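Read the structure below first, then the notes.
The first chain written gets the first letter, and so on, giving A, B, C, D and E; residue counts start at 1 in each chain.
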Amino acid sequence: MAQTATGIHHRSYSSELRLRATRAEYLRLGLMLVLLIVVPFVLDNYWMSIANTILIAVIGAVGLNILVGYTGQISLGQGGFLAVGAYSSVILSDRIGLPTPLAIAFAVVLTAVVGTFFGLPGLRLKGLYLAIATLASQQIIEFLIRRDYGGFLTGGLGYINVDRFSFLGFEIGGRAVFERQWYVILAVLAVLAVMAARNLFRTGLGRSFMAVRDQDIAAEAIGVNLTRAKLTAFAVSSGFVGLAGALTAHYSEVVSWEKFTLEVSILYLAMIIVGGLGSIAGAVYGAIFMTLLPVVIRNLANALDSVMPFLGSQLPAVQNAVFGLVIILFLIIEPRGLNRLWERVKEYFRFWPFRY
Amino acid sequence: MLTRAYQHSLNGSSRPQGLPLLEVDDISLRFGGVRALTSVSFTVTQGHVHAIIGPNGAGKSSLLNCISGIYHPQEGQIRLHTGGGTDIEGREVAERSHLLTQLPSFKVARLGVARSFQNIELFSHLSVLENLMLGRHIHMKHSVLASMLWFGPARKQEIEHRHLVEEVIDLLQLQSFRHKPVGSLAYGIQKRVELGRALCIQPALLLLDEPMAGMNAEEKEDMARYILDVHELAGVSVVLIEHDMNVVMDISDRVSVLDFGRLIADGTPDEVKADPAVIEAYLGSDSDNPADAAAVREAVEHLTEEGTDA
Amino acid sequence: MSTEPVPAGTVLAGGAPAGAGPALLNLNNVEVIYDDVILVLRGLSLQVPEGKIVALLGSNGAGKSTTLKAVSGLLPSEHGEVTDGTIIFAGEDITKVDAADRVTRGMSLCMEGRHVFEHLTISENLVAGAYTQKNVGADLDEVYSFFPKLGDMRNRIAGYLSGGEQQMLAIGRALMARPKLLMLDEPSLGLAPLLVQEIFGYIKRLNEERGLTVLVIEQNARRALEVADHGYIMEQGRIVLEGPAAELRENPDVKEFYLGLGEEGGRKSYRDVKHYKRRKRWL
Amino acid sequence: MSTLVAVLAYGLADGAILALAALGFVLIYKATAVINFAQGEFLLVGAYMFYTAFVVMGLPLAVAVVVGVVVATIIGILVERLILRPMVGESPISIIMVTIGLSSLLRALVQMFYGTSPKPMPKLLPTGSVNLLGATVPINRLLVILVAAVVLTAFTVFFRRSKHGIAMRAVADDQQAAMTMGISVRRIFAMAWALAGVSALIAGVLLADISAVDQNLAAFGLLVFPVVILGGLDSVPGTIVGGVIIGLLKQATGTYFDPGLATVIPYVVLVLILLVKPYGLFGETRIERV
Amino acid sequence: GSDGGSGSGDGDGEPIKIGIIADLTGATGDVGTPYNKGMLAYIDHINAEGGIEGHPIEANSNDYAYEVPQAEDLYRQYVNDGVVAIQGWGTGDTEALHKRVASDELPFMSGSFAESLTDPNEAPFNFVVAPTYSDQMRVALNWINEDSGGDAEVAVFHHDSPFGQAPVADGQAWVEEKGYDLGYKAYAMPGGQQNYVGLLNQAQSQGAKYIVIQNVASPAALVAKDIKDQGLDMKIVCLNWCANELFITTAGADAAEGHMLVQPFAPLNVGKPGHDVINDYIEEKGINAAEVGTSWVQGWYVMHVMAEGMRQAIADGAEELDGPAIREALETMGGIDTGGVVGDGVVEFSADSHRGSTGTGIYTAQGGEMVEVEAGATP
């Protein structure tokens, strides 16, 4: 692989198949890693907790993007699938007594199965009709866990207490170290998730998903088994989401239905769309952005409290308003999301000072 | 000739030349009241370029869709014969015949029936390369875990198949578009990419629906050349729908003519060309030879008159 | 008229081509850019004289369709924009005018690839075409009389028509707007020989009877040059050659590249083509 | 028996309002192929606009209605102009997201200006109740059914008769082609949104009158989805059927089984129906040809 | 967030930081807002008095709009700011946080009176000031038993959530334990309804004469309206969150007339001794007494209880006032007097029970007012 004035020239397919070719790209990768590493040393507990929330969101968003962005199956059932992951993992670890990591693994598989099941309508339904069907699955799952018939989930308590995360003698510590220790676990998992997704779409399987998205008849005509492709997409995606759900449960140590409502589904959808559909990086940007947004707003409001108390007294309303406004503005300015925005910036500088 | 240099044969068929490859046997297709096809039968021979012509709405595309399993005719059978010769690796393959009319289209594709579409159906958000790699889909293994792992089998497989794809890129002269999203390419290029995608399947049978529509004479020559290369050098059998009679007459070994869903003629180009029914239904006072460009003006005048008194 | 290459971006000699009436449509130095970066039309100029048929030829990707989109104001919906030059229609500068208004001013475009309203029936498609018109009934019957096939299928859903049927519908629909200038983007695309004849005959006839002005993009250069009065040939977003159709038909380059004729004039068989053409010999 | 009558009366009333709400939704979808997640908020805003005119400004009823309609129209047009027009030609899901953003914004604005506690509004429809077949049925429910029926038929006729109906569907099918027909995509869009605004206003006011002027009005909007999917996203008559089915279904489940269940039953039914008829009861099959 | 009179008054000691998670604009904002006002008012009052042993209370109060994730985020922020105690609000957030509270050792009070929170083993840092929903239910059943002469059908309409279900089972058990001859059937009330006629129909076919409602005010009011519309002969017994003026005003005085309200916190108009301090305060501040509803009073006194705990902790000479110290104090200090406002007047915790009180008042809606029927009724 050589870099010349006329661009990048690969001398072998393997070199071309690398994710990163230029020195600049390696540099960026390096910076990101450094960032990941320094975070726990610079942030206080509160911001660490935000960072952790973001990391979980990243996993969930990447998962959702596999389904929505890459396979073109719009899903409003995210919240429900998160719930499946959370409840199953907790029940497996705390009630059945499996070691937590194992429980999480099983939860991932289980969510994948459930996801596949709710993906079945996707075989017959197209686009918006499917979207609404997933909305239904969200409502149904939410109802089941909230109603909790016969207390089969929470024993009538309405919520489940989750034991401190522990594994082979190691247990997450108290207030002082809690967030940082979680950060390590979550950061590792998030990075793995992102890598896995990136890889998926460098290979035939991932491509077949995108083929289904772009032109399903043609996809079938080149030998893609639609049924299998769609269901696989649902399974893989739900797997990621299940992981996110399980982690939420063990991290926040209480599971209750309020955490998995339609709002959550919508929030995740917002993440991947504002971030950029069909782009892993986009999902990451989106997760970061959408998680930080309300926090930043609140801190702003608190800061400006003396100047305009209105902000403080109307905070949730203001947050919702800004949430809505940001989504609208973003999509109007760049419908293809943060990722595209970033690319355009890069393009601009590549071509700079020429316009094209 | 370019293609001699290639190490991969694009021909996925293991059928000796001259044997029947595809048998369309008395099929009928209806859409509600519309009879798109009515008891159509013909045979495609291994190693032939078999043209299907006919007026608009005659049922040509529908026929192709039946062969590739996208439509399923209410009556009749379509059989694809494989084997009876040696395959790409030179192994003997036993003779078998498959009932396409009962298979979903992805299974048909896995038998090596590749196609292009009348209104280009590419994966518009993907790059040319990705579109072609998708042509390799049926030849690749797809395990979720291996894919996510990337290093190891997945990567090896990608590189392996990339070789053939690059040969196709080279054959069709798509080098400069390799990484361009196909959506933004001009119509003619897209047509070529679509042919490429079909070739990457290493087809036993290649179905082309109006591959030269919307091209000027020069580009048609190129496209014709590509098709002939694939056919002559790789020995791929081709079923071709085309409205440009010159192309049809020049490059096809056999021609079937459809009209209102019925087969009205089936024979060598010259036989068909001479067939009055065909002229009546399809060719009209054909005049693509400028020598008698006058004919057109006649036609025009003629039309004008009947129009004015209409 | 000039068979010599025209230097990029220069306006062709004076307003309308020789022997033509006042230009109904007039493009001066039009430059079009897609997505803020892809430069497609590089200072294109052409004139369509009142009451004439003008053919616009060019290989794939030359920018023909883009030209028509620019004229009919469709670029904005494709992230494209006219960044330079002017488009004059019937004496008025319409460069900034909204697409819908342009139709009311009397131009209508029949898009490449048909674009029929798939979920509407044939007759509904035609009615939609007459959106700007008052009395629809008469026009309907007229179109049906020209395309009897459409008449027979008037209640069929357009989406299920065959390619050719859709093409007829698209043309019929464009006519329902009673345009002064009819723009056709590859009308013969995917049509059977017989139909191609009909359609061109029909174009000619509209032109002669109604004095309809036509700007037609064609790959079937022979046909186009037969019916057209004037021809333009573009490569890579520029006009590289123009002139009366009759003269263009005789131009050796045109012969070879567009009419697919050997130097000796006779048509050579596609089987004899042994090499791939090298492109853009005008640049 | 008397129970049944009550179920019918209350169920139909809810259904009628749902149908009205769904109508706006369908108009928007038909014309602009936009799935409007803010439909519920349109009800909300409509109701509060009317409340402002009628109670806060103390205008006479007739005037208040007019004001409400005008404002609703303007809001509809503004939304289209400022938010959806820039999105023309973007992927449907991005557009869905925009409307989700819009819904969040509208709800927040209403909250900022009017707070969260219910607003007292004098009843528009008479509150008494009549005795039907041994069941006491409040008059206002019956009137709601009546009003909704009138409005719905009016709309349906308008789209059957006028060429705007066709133009709308044309635009939904292929905006570019529609432009070449001289159909002003903008005008059609604006029209659709304006009409949606108005029908939502009517639904919102009726709903507020039988319940209360508060944030719950928006929640009611979510039920629009089962309704439209049941009837078919793009079918005006479909909304009526869908609305009535859902309305009755909810009331019946609530009366004979478990009101909690009544909140999800619409979605269960929705999924079942879709599995049998992927485009709803009256929905247009999406055309896929190669 | 709005800071409860930080710095105000002459409390010069180092301020005591607490965090308040309030619902001002969420699903329960109608009662949450006055509750929050009451708390801030108390803090303002106590700071004006010189704070707690010279330490002003510095409260950071934020609205979480009844969204649990928001509550969690706020909580983390408070912990990070080093607060020593938390005033929460709803069932959802109380449940979601009680584990964290325990591990962070922060005393936590809220408007959620679930039985499970009174058990120190289950929730060592949660304190339930008022009688639990279950106790209120028991009181309600006792009253019904008397009123009906020991033979009636009772329908329980409850919010369709853990909060709603909390007292249902215990009520059933109570009927059996006491051997009451009452029919007892529970129905979930889904949110966002336009009418509860369906539910009433079911209750009717059960033959219910009494309807115990465990829900917030507006849906309860809707039930009252429907009962009137349908001309049914049923008596509503509201528990806690619908037992307030809001129920009466929303339903309309005539629709509410005669229904019963089980409310542990005496409303201002009843005029308990404990109300004087409030009356003085609002008079001084020029607040209209009409705005001071039950929830307002509730907020005031819940804050009062926590403040007393802190006072005691300081008195006990805790070298630094932190969570454990406050908990310790609350568990050991014995009764906290509320001048007859809360239940039977005193709130008392112990190391093995965080059930502050079991007594509650019973009121009836009369001419748009809450009129006391019985004070300090206990199961």
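Quick note on the criterion: contacts are C-beta pairs under 8 Å (C-beta built on N, C-alpha and C of every residue); 3 or more make two chains touch, one makes a residue touch a chain.
As the structure is a prediction and not an experimental result, all values here were calculated from the model.
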{"item": "Required steps from chain A to chain B (each step between touching chains, minimum)", "value": "1"}
{"item": "Neighbouring chains common to chain A and chain E, by label", "value": "D"}
{"item": "D-E against B-C, pair bridged by the larger set of C-beta contacts", "value": "B-C"}
{"item": "Distance from the mean Cα position of chain D to that of chain B, given in whole angstrom", "value": "49"}
{"item": "Centroid spacing, where centroids are CA-atom means, of chain A and chain D in whole angstrom", "value": "32"}
{"item": "Rounded Å distance, chain C centre to chain E centre (Cα mean)", "value": "77"}
{"item": "Residues of chain E touching at least two other chains", "value": "24-26, 160, 188"}
{"item": "Chain A residues counted as touching two or more neighbouring chains", "value": "147, 217-218, 221, 314, 316-317"}
{"item": "Chain C, residues touching no fewer than two other chains", "value": "38, 160"}
{"item": "In the complex, chain A residues that touch chain D", "value": "68, 74, 121, 124-129, 131-133, 135-137, 139-140, 143, 147, 217-218, 221, 262, 266, 269-270, 273-274, 277, 314, 316-321, 323-328, 331-332, 335-336"}
{"item": "List of chain A residues in touch with chain B within their complex", "value": "13-14, 17, 195-197, 199-200, 202-208, 210-211, 213-215, 217-226, 232, 235-236, 278"}
{"item": "Of chain E, residues touching chain A in the complex", "value": "1-3, 24-26, 62-65, 67-70, 72-73, 76-77, 79-80, 91-92, 95-100, 103-104, 116, 160-163, 165-166, 169, 188"}
{"item": "Chain D residues touching chain E - in the complex, by the definition given at the top", "value": "3, 6-7, 10, 13-14, 111, 115-118, 127, 129, 136, 138, 207, 210-212, 214, 216, 219-220, 251-256, 258-260, 262-263"}
{"item": "Chain C partner contacts - residues on chain D that touch it in the complex", "value": "88-89, 163, 166-167, 169-170, 172-187, 284, 287, 289"}
